[in-house]
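In the two assemblies presented below, chain A is common to both, partnered first by chain B and then by chain C.
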Partner chain A sequence: MDLKVLNATIKKEFQIRLHAYPMSFMVGCILTSFYTTFGAWLMYHYFFRKRLAVDFTELAGTSDYMSYAIVGSLMYLFVVRTCLNVSRTLITELREGTLESLMLAPFKRTSYFLGNMLLQTFMTFGETAIATLIGVFFGLRIHDFSLLKFVVATLLSLYGFFGLSLMLGCLMLYARDTYISQNTLFTAMFLVCGITFPKEYLPSWLQLIGSIIPVTDALTLMRGALLGGLSTESFMLVSLRVFILGTIYIVVGFPLMKQVERIALEKMEG
Partner chain B sequence: MKYFMKVLLAESYKQHRNYFNNRLIYVSLFVWPMFSFLAAYYSYRAFDFGGNIISYISTENILVFILLGYMAMSFFRSVVQSAWNFSRERQSGTLEYIYLSPANRLAVLLGNALSSVFESAVVMFIFGMLIILFNRSALNVNIVGLILVLAIFMVMALLWGVFLNACFLYSRDTDFLFTILEEPMEIFAGVKVPVVIFPGWARIISCIFPLTYVLEALRQVSLNAASISSIKTTILISLVIIMVLLGATLITIQIVEKHMRKTGNVVLF
Partner chain C sequence: MIEVHNLKKTYDVKRRQNFFHSTREKVEAVKDISMKIEAGQIVGLLGINGAGKTTTIKMLTTLIEPTSGSYMFDGMDALMNPHQVKKQINMIAGGERMIYWRLTAYENLWYYGQLYGIENNELRRRIDKLLKLVGLEDKANLPVETFSKGMKQRLQIARGMINNPKYIFLDEPTIGLDAVVTQELHEEIKNLAKEQGKGILLTSHYLSEVEELCDYIYMVNNGELVVEGTKKELTDFVFTKKYYAFSVQGMDEAVVAKLRNHLLILDGDSSVELEGRTANISSRLELSSILAEFAVREGLVINELHKLEPSLEQAVIKLSKNIEREEKGIA
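After this line comes the complex of A and B, so read on.
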């Protein structure tokens, strides 16, 4: 780990955010979270008058639909923001013309990506806080808070999302496209990761896809830490799964990124 | 008229060549609405349908109910996307050439919207029709009403597209359009959750979106076998919206042209 690179990356990115950052991105993401929450609120309070399906409580581990859906939408906001920014870093450098000079510098990939991730996490916490306030207004309640579980869930989620971002970053840099790849992944995640409904409702092949995306399990952990309904044994089991998934993504992601960088540099002007 | 058609066809053909050179376009036009539709459908499974307050919606036809919403939205969405692409023409300078030519402005805009409405939404439309055919029992159609409503629907989607395109002739800032039109349309126009159950303030917002009215009419005639007389208010409002959109477009085109003549620059403004 090269702290100098880490530090420099954070500083550089922070300067970019401060001076040339499209605010509409941030506002757009908070709005997305708002619309999801709002849709769930309409369905729960106005369309079905608080009547849930019989199997919901058992599958979700809580009978509070609004909190369930809001925690989901907050987590979704978090994933979208971190993945989006970390995976876009290299392709943004390519587009802005700084990739070549970056490659000339003897920089460590790990520190570079970690620096980006750290800054982004910090920023995203701010946005999620705003979205949480909106969520509280729509009925977000914490039922069974466990600090230890919350910390574990947050750290493991970040670990998993970091792996996911690396993979997405490879894909983006290889295809030199951000619009299609990011939006496809995000809409797919919204479907298979159990954001607003228990994933058990999905057909099994979609559940299978959901289980290889760390977001699904990370969300289960986060809900367990905030809303309860998850025994300590299953919490540990799911934690282990997120850790293993994240590790696989990271172990595959870094070498793959190196390969893709080479390809990207080769056809940079093409 | 012959000349108008010529411009219209030429522009549609140009847009076709422009957008469909890459197969990935189908991902954004078909896969994304598909995923959103499925997510909406499964999120309904968390609820007990006995508690629902709209008599004509049940567990049997909720699939078709949501699907109709997403199909209709894919038409309206495709024109937003086409308007977004159209704004690139201003940046790349082709808009200037179009304005130098004697081509009818309305024909150009109409051609643009026409190609995107029909080509973009066709995949979603075919898919939706297949699903609906498999779920025939959920339908309760008033055929005459359906034909009328479909005709109104098409005209409205088309004019909505023309109007958005015209707005982009005036302004360069296009990102706001997505923030305003993409997701709010999904929620407020009743694509996912029917507008009837909205609280008052949300209903007022929903009135802004033309999709709200045609979608309601479309669902009424295909799921509730509503007679034309029972949905005549919705149809009348839709017709008024069509007139307003057409009028607004013509006025915008005039204003834009005047403005461009005065400032003398299409590309950079």
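After this line comes the complex of A and C, so read on.
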């Protein structure tokens, strides 16, 4: 790990945001969280008339649907913001004409991506805090808070999202596209990762897709830390799954990113 | 010294036939290039668009890997040690790329300095020195997006020198710059090579720039080396004849006819054309003394007699036309 590059990348990204922070983008993300929560609230109150499936409590680990859905939408906001920004770093460099000068320098990519991730995480915490206040208005209640579990869930979530960002970044840089790849992934995540309903309600093949995206298990951990309903043994087992999934994504993602960087630089010519 | 042999780069290019179908084909961007860049030397890489210049530079800067060939960097295998090479090189490209527009000039140099692992105190000194060198010390804390094209280019030059590289690759560095800035940059390039001993590879569409700056020139076409040498060697290669402007008092068609007959006896390929009061002469022979003797013998007073040195631009244009003719002939 090159701390010099890590620190410099955090500082650079912060300075760029300081000079030109996309305020509308931040508002857009908070609004997405608001719409998700509001949509769940409308459905719960007016469509389902507060009636839940008999197995909901068993599958969700809580009978409080609104808290379940709001934690899901907050996590969704968090993953969208961190994944999106980390995965877009290299394609942004390509579009802004700095990819070549960056690749000319002899530095470790790990520190560069981690720097981007850390800054984005810091900024997303602020946005998530605002979205949490909105969530409280819609009925978010923290039933069984465990600080230790919350810290573990947060750290493991970041680890898993970092791996996911690398893979999405590879796809974006290879396809030279951000909109189709990010929107496809985020829509799929919303559907299969249990954001507003337990993934067990989905067909088994969709559940399988959900289980290979670390967001699903990260969300289970976060709900366990905030709403309870997850035994310590289950929490540890799910934690291990997030760690393994994140590791696989990272181990595959870094060498793949190197390949994609090479292809991107060649595509600029060829 | 940088030394490459038989460098080749083939791209796998996808060509779209229609909305549903595309085919893949191999495109040889660089077919066979061998060259050397020594410390303190400015080497020119010339070629028409699509000749393979930028691909060659990208291979030399280790941004892309060659399909085949060898690349030695100060005795080290550069293809096996790209990380080591990157520490000792940098690249400056024309246009407004390679810098962050939303950062200030100082922030840009600081960030790149960090990527090169330069110690903080040394980096501060270097940034101050470079900003002064490129005349941006008063604009250090302004965002680059407020800069003019010339200022952005000057900042890019500072960025390209932040790691004090041993070899610098200049890809069309003066494109779009005004004459004054271009001249200042030329002086700086000369200084980098001659005073600081840096090896420089320059590609440029401005042949006068290559002529002014380069000690040695490689000319490529369709990814292959066509000719190499000093400016004189290149012009001698292209222009096998020597050219003279010759004028005497009372120059007319009769004098020209007499001169033409005299020269044809000495060299059957020589030619004499009258343009105004001056005879434009071409011949394979060295004619200065022959022309002087002709004037004395005929009792003519010489107004003008000088050998015309063809410019690099003329040589490149002639060479390009020759190549074009050959290619059409083959086709």
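Convention: the second predicted complex is superposed on the first by the 268 of 270 C-alpha atoms of A that agree within 3 Å, B and C clash if a C-alpha of one lies under 4 Å from a C-alpha of the other, contacts with A are read in each partner's own complex, and residues count from 1 in each chain.
Please note the rule applied: contacts are C-beta pairs under 8 Å (C-beta built on N, C-alpha and C of every residue); 3 or more make two chains touch, one makes a residue touch a chain.
Just so it is clear, the model here is predicted, and its values are computed rather than measured.
Once the two complexes are laid over each other on the shared chain, residue contacts for A:I130 go to neither chain B nor chain C. After overlaying the two complexes on the shared chain, residue contacts for A:T98 are found with chain C alone; chain B is out of touch.
In the superposition on chain A, A:L256 makes contact with neither chain B nor chain C. In the superposition on chain A, the chain among chain B and chain C reaching more residues of chain A is B. By the touch criterion defined above, A:L118 reaches neither chain B nor chain C.
Residue contacts after overlaying the shared chain place A:L265 against chain C, while chain B stays out of touching range.
With both structures placed on the common chain, the touch criterion links A:A8 to chain C but leaves chain B unconnected. Look at A:I248: by the touch rule set out above, it reaches neither chain B nor chain C. For chain B in complex with chain A, the residues that touch the partner chain are 24, 27-28, 31-32, 35-36, 38-39, 42-54, 175-176, 178-179, 183-184, 186-187, 192-194, 197-199, 202.
Those residues of chain A that touch chain B in the shared complex are 22, 24, 27-28, 31-32, 35, 38-40, 42-44, 46-54, 56, 60, 65, 177, 179-180, 183-184, 187-188, 190-191, 195-198, 201-202. Residues of chain C touching chain A in their complex: 11-13, 27, 29, 54-55, 58, 61, 63-65, 83-84, 86-87, 89-91, 93, 95-103, 107, 110-112, 114-117, 143, 159, 163.
Chain contact summary for the complex, chain A toward chain C: residues 2, 4-5, 7-8, 11-12, 15-16, 19-20, 96-98, 100-107, 262, 265-266, 269-270.
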